[in-house]
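These are the structures in question, set out in turn.
One chain, chain A, links the two complexes that follow: it is found with chain B in the first and with chain C in the second.
Right after this comes the complex of A and B.
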C-alpha cells in the first residue's frame, strides 16, 4: 500500500474513507460483516486442531487494491502460465516431448504419485486438463510478482472471492459508487460457459453440466452448492449418476438425463471404483470408461495433479519457453530440491532462513518457516528431511508485500498478503478481475493459509 | 498354434440387483506373437459401450445392466493364432512409459524380506536380463503352488512370508522384486493351454512382464518356470492384479453374490 512513505494513489480514496470514519463506526461495520458471514454460513473446516472444526474465516474489511495497469500485467502472466501448464499435461500423457528433450526429468513425471497411467493417450476436449487454474502469487516490490504455487486440480476459495465482494457492496455501497471497480460477479456465468465449451465430442445438443460433490459432510460443500446455485446447474453426488451404454446419466424426477460435463469436486482416486479405489462410494462405476471413450468431460481432468506438484513447479518457466516460445512474465521463487545432494546441503545449513514444504503437501500443513521456528523445531524438521529428502523443497522467506488490515488494538496495521486469482481455461482463457486475497493476521506472520490463522479480504481492480 | 477359448463367468445374486456395471479387459490385442482370428464378449440382456484402447494397448469395454438382475453370465469366445517369441512382447502397440511400472502398489510393495531375497538372487548377475531370470527363479523357489492358501487380497509380502500361493501371488511377488531391483514390472492376465487340454484351474492365468532395456517387455511365468510361448494368449496388463483384472464390476442393490468361472482352452 505504501510507496516509500507515501500512500499509493490506488489506496488514496480508501484511506480518506477510513480517516473520515469513526473507530466506533468501523468496529460496528466489522461486527455487521461477521454477522453476514455467519448468516450465509461460510465456515471452513480446519484440520489437525481437534474439537469443533467448523469455524469462520476472519474477514478483513480493508480491501486489497490493484490498478488496472498492474492487473493487466498479472493477467498476462497468469494466462501464460495456465496455457503452459495445460500444454504440459497434454504432452506428458502423450508423446512427452518435454521429457525426451531433457527439459523435465522422466522420473519426476512418470514416477509422480499424481501421474495417472489410466489416462495416457486419451484426448480431452480442447486438450484442456486444468479448467480452473488457481495461481498463488506474492508481491515483493512494485513490479515484482512471484508465483508461490500452481493449483491445477480444484483450487478452492472462489466462493470467498464472490462473497467478500457481495458483502463489501452491501456494507459500503458508497465506495462502489465513487470508484470504478471491475466486477467479479460474472465468474459463475463464465465458469458455466467454460464448462459448456469443453463438451465431449459425442455431445450433440446443448451441453448439460453438473457439479459432482462428495456431499454435505465435505468441508467445501458450501462452495459446491453456492457455485451450482450461481451457475444454475445441478449439484449431484455419485449415487445420483449412473453409466449406461455410452453415456453418464443423472437421475431426475422426470427420468434419466444425459450429463455431458462434470465439474467434479472429488479426488481422482474416488471417481470410479472400476478404475481407481474399489471401495469408493463417492464415485460413479464406469465413469472413467465413458470419459476415456469421449462420452463425458471431467473437469479437472483426472491426472491433472502432476502439473501442480511442488517438484514440477520448478520447471514451469521452462514449460513456458518450451511450449509457448515465450519469456515467463511471472517469476518463480528460487527453490532448492532436497533430493539433490548439493541443494540439500545448502538447505540443511540454512534452515533458519528458509521455508521448507512437503512436495506433495498443500494447505500450509507440514511446512517449516525457519525464521519463526525454535531450534528444536528446526532440528526435528532436519531429521525429517534427511529421512526422505526427495519429499521436500525449500524456498527463501520473501519480503512479502503488506496490505493495511484492521487490527483490534492498533486500528490499521500492515499485514502480509498473498493472492489467488482464478483463471478459466476452455475454448478461451479468461482471468477473473479479482481473486482471493489471503492475509496473515498475526503480526509478522508469513503464513496466510486459513488453516493456519489466516484471513481473507476483497480484492479490487480499479478501472483506469 | 491355433487356440480356441471359451471363458464364462456366472454371477448369481442372493437378491435381485438394481444394476450391474462392469469394466471389461477381455479382448486380446494382436501382436507379434498372437493374431486374433475372431473374438466375442457377450452377456444376455446387457448393454455394451464406452469402449476404447488404453495407453497400454488393452481394449477396454463397459457393460451395464439395469435391474432387477438375478443372474448374469459373461461369455468370452474366440480363436487366436499364436507363435513363440522367446517371451518377448513384440509388435504390441502401447505408449505408456515403462517408468510408470517402477511404482509399487499396495499389492506389490516390497518389504525387508524381499530386499534380502533380491540381493540373494541377483548377486553376481550379468545385466538386467539375467537379473530378471534369476528373480523369476527365486520366486518359483520361494512360493510353492498351493491353491487355496491365499486370497485375491493377499499381498506379495504376505505370500512370500507364507511360502505358498497361486499364479497371482507368484506374479505379484516377482513384480515387487523386480521393482526393488529397479526393473519396471507389470501384471499380465491371459489364457494358458495345457497338454491334455480340457478344463484346468490354471487355464485363466496370470504372469509378470519385466522391462529389460532394449528388448522391451519380457514375460516371466514363475508358476510354470518358463517364459510365455505359443501356449499363452495375452489378454491385458496393469500394475497389479486389480488394475489388470479382466472384469471389474459393481453390483448395487442386493445382497451377496456367488461366482462360477469356467475356462476351456483347446488346440484346434
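Right after this comes the complex of A and C.
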C-alpha cells in the first residue's frame, strides 16, 4: 500500500480514521475482535506440535484495500487461470492434446501422484473438475501480480473471508457507511448455485447438494459447518451416505434422500474404499461407480489435484495460451526445477537468495527461505535437495507488497501480505470481490501461513 | 434431518439429564452420611447410591467392596471409567453437541461448551476445594442452562422433538430406578416399614428427585409407599413422574408423526405404555408389586428407546 513513503490514495480514508482514533480505543477494539473470534470458535489446528492443537488465528483490524479498477484486472486474470486449469484437467483425462503437442511433459502428468487413472474418460457435468479455485497471489508493484500457487482441490479459508468481514462490520460500522465496499456475503449463495449448476445427468428435480466432511475432529470442521449453515445444506460424513442401485442417498429421519451433488472436503484417496484406499472409514463404498454413471457429481472432481501440483504450476501460462489462445494476465513467479540438472546447479549455488519448496508440500511446512536461514540450515537443506532433486522447486524471494498492520509497540507498520481470492466455476465463472489476505506478522518475514505465525485481515474492494 | 444429527441431539440431552440425576444422587448420599446410624438397610448408604446408579459391578472392580465416601464421590462424579459419571456424561453430551453444532443455537452451544470448560477448571483445582454440595449445585445448574436455552431459542421443529425424546426417555428411566432402589434395595425387610429409617429414606428419595416440597404441596402428611408411588408414577403434574414423561414422549412422537406423515413402531409401543399408565390406579401397581411394576416399566422404556432409534436414528433403509 505504500507508494514510496506515501500511503496510496485508496488507504487515505483508513489512515485518517486510525489517526483520529485513540490508541486505547483501538486496543479495546482489538480485544473485542479476539473475544468475538473465540466465542464463535474459529480456530485452526497446528500439526506437528504438542500441546493445545486448537488455536486462534491472529486477526488484524487494518483491512487490505483494492480499488475496483485494480480488482477488475485481477479478476480477469484469476478467471482466465481457472478456465485454463479446468480445460487442462479435462484434456489430461481424455485426449491429452497438451501432452501430445509436447507442451507439458508426459511424466509430470501421468506419473504424478495426483493423477487419477480411475477417472479417465469420465465426462463431469459442464466439463468442470475444479469448482472452487483458490489462487494465491502476491503483488510486487502497482501493476504486477504474481501467482504463487494454484489450489484446485478444496482450498480452505473462505470462512475467514466471510467472518473477517462480519466482524469488521460489527466493530466499525462507520467505515462501511463512508466507504463503498463491495460485499462478499453473497459467496455462500453463489457457491450453492454453482453446485446446483453442475447437477448430474440423471438428476431430474431440484438438485440436492451436501458437504462431505471428515468429521468434527478435522482442523477445518468449523469451515465445513459454517458453509453448510450459510448455504442451508446438510453437512454429512461418510457414514451418513450409502449407495443403492444407481444413486447415492443420505440417511435421514424421514428415510433415504437422494443426493445429487457432493461438495467434498476429504481427499481423493478417502472417497471410496472400493476404488481407492480400502481402509478409508471416511468415504462411501460404491460412490465412484455412481459418479462414473452420472448419478452424482463430486466437487471437486476426483483427480483435480494434478492441476495444482507445484511441478505443473510452471506450465499454467502455457496452458492459457494452448487452450484459450490468450496472453496470461497474471504472471508466474520464475521457478527452477531441481529435477533439471542445470536448474539444480543454479539453485544449489544461489540457495541463500532463494525460496525452496517441496513439490508436494503445503502450508509452509518444509520450506527454506534462503535470506532468513543460517549457513547450517542452508547446508542441511542442500543435502536434502541432492538426495531427491525431483521433489523440490525454487523461486526468487519477491519484493512483496506490504500493508499497514497493527503492531503492539509501533502502532501501524508495514507487513508483507498475500491474497487468496476464491473463484467459482460452474455454468458460469464468478470471482468473489474480496478474499483471504494473509499477513506475516513478524517484521520482515515473508511467510504468511497461519501455521507459521501468520495472521489474517479483511480485504476490501472499493467501488469506483 | 440427517439421522446422525437426530441421534446426536437425542444423546446430547440423555447425557445431560443423566448428569443431573447423578448429581442428585450424590446429594442424597451426602445428606444420608450426615445422619448417624441410618445404615441398617443395605450394606451402607454409599453402596446403595452406587447400586441406584446401576454401576455396582464397575465400582467394585475398581475400588473393592468397601464403599468409602471418597471413592464413591470419585466414581460418580469424576471417573472417566464410569460412563455415567458426571464428567463422562457432560463430555459425551458436549461431544454429541460439537458434532452437530449447526443444529444447535449459539446459546445452546454456549451452555454446553461453558459446562465443559468449567469442568476443565474444576478438575485442575485440588480435590479438597471441590466441595460436593457445590459440585452438585453446579451440575444441576448446567442442566437447567441447557434446558432453558433450548426452550428459549431452539426452533420448535423435528430437532426439538428429538432433544425432548432424549430428555424424557432418560428421565422416566431415572425416576423408576431411584424409586425401585429405595423400595427394593434400601429396605430389605418389611418389618422396618414406617420406622424412622423408612421415613428418612422416603424424604431423601424425594429430595433426590427435587420433589420434596412438591410432594408436600400435593399430599401433605406422612409418607406412605402408596402416596409416594402415586406421586412418582401416576401424578401427571409432577414433571419427573413416569406418567408425565410418557405424556411428553407421546406429544413429541405425535409431532414427528404429523411432520413426517407416518407413524412407526415407536408410536405403537408408546400408545400401549401411555394407555396403561393413564388408566392405572395405585392399587394396581401395589398389587402387581412395586418392584415388578418398575422393572417392567424400565424394560418397556428401554425398548421404546430402541424403537425410536430404529424408526429415526439409525437411518431408515
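In this section, the second predicted complex is superposed on the first by the 464 of 464 C-alpha atoms of A that agree within 3 Å, B and C clash if a C-alpha of one lies under 4 Å from a C-alpha of the other, contacts with A are read in each partner's own complex, and residues count from 1 in each chain.
Going forward, a contact is a pair of C-beta atoms (placed from the backbone, for glycine too) under 8 Å apart; a residue touches a chain by one contact, two chains touch by 3 or more.
These numbers were taken from a predicted model, which means no experiment stands behind them.
When both complexes are overlaid on chain A, the residue A:234 reaches chain C alone and has no touch with chain B. Look at A:102: by the touch rule set out above, it reaches neither chain B nor chain C.
When the two structures are aligned on the shared chain, A:117 is found in touch with chain B, with no touch to chain C.
Looking at the shared chain after the overlay, A:250 reaches chain C, while chain B stays out of its contact range.
More residues of chain A lie in touch with B than with the remaining chain of the pair chain B and chain C. When the two complexes are overlaid on their common chain A, residue A:325 makes contact with neither chain B nor chain C. Of the two partner chains placed by the overlay, neither chain B nor chain C lies in contact with A:205.
In the superposition on chain A, contact is made by A:289 with chain B only, not with chain C. When the shared chain is aligned, no partner comes close enough to touch A:141: not chain B, not chain C.
Applying the stated touch rule to the two superposed structures, the overlap between the chain B and chain C interfaces on chain A comprises residues 242. Looking at the complex, you find that chain A touches chain B at residues 93-96, 99, 106-107, 110-111, 113, 115, 117-122, 242-247, 273-275, 278, 285-286, 288-290, 292-295.
Residues 19, 21-23, 47-56, 60-62, 64, 66, 95-97, 99-100, 102-103, 239, 242, 248-250 of chain B are the ones that touch chain A when the two sit in their complex. Put simply, chain C touches chain A in their complex at residues 1-4, 6, 98-99, 101-102, 110, 113, 158, 162, 256, 260, 312-317.
Residue ranges on chain A touching chain C, taken from their complex, read 39, 41, 215-216, 225, 228-229, 234-237, 239-240, 242, 250-256.
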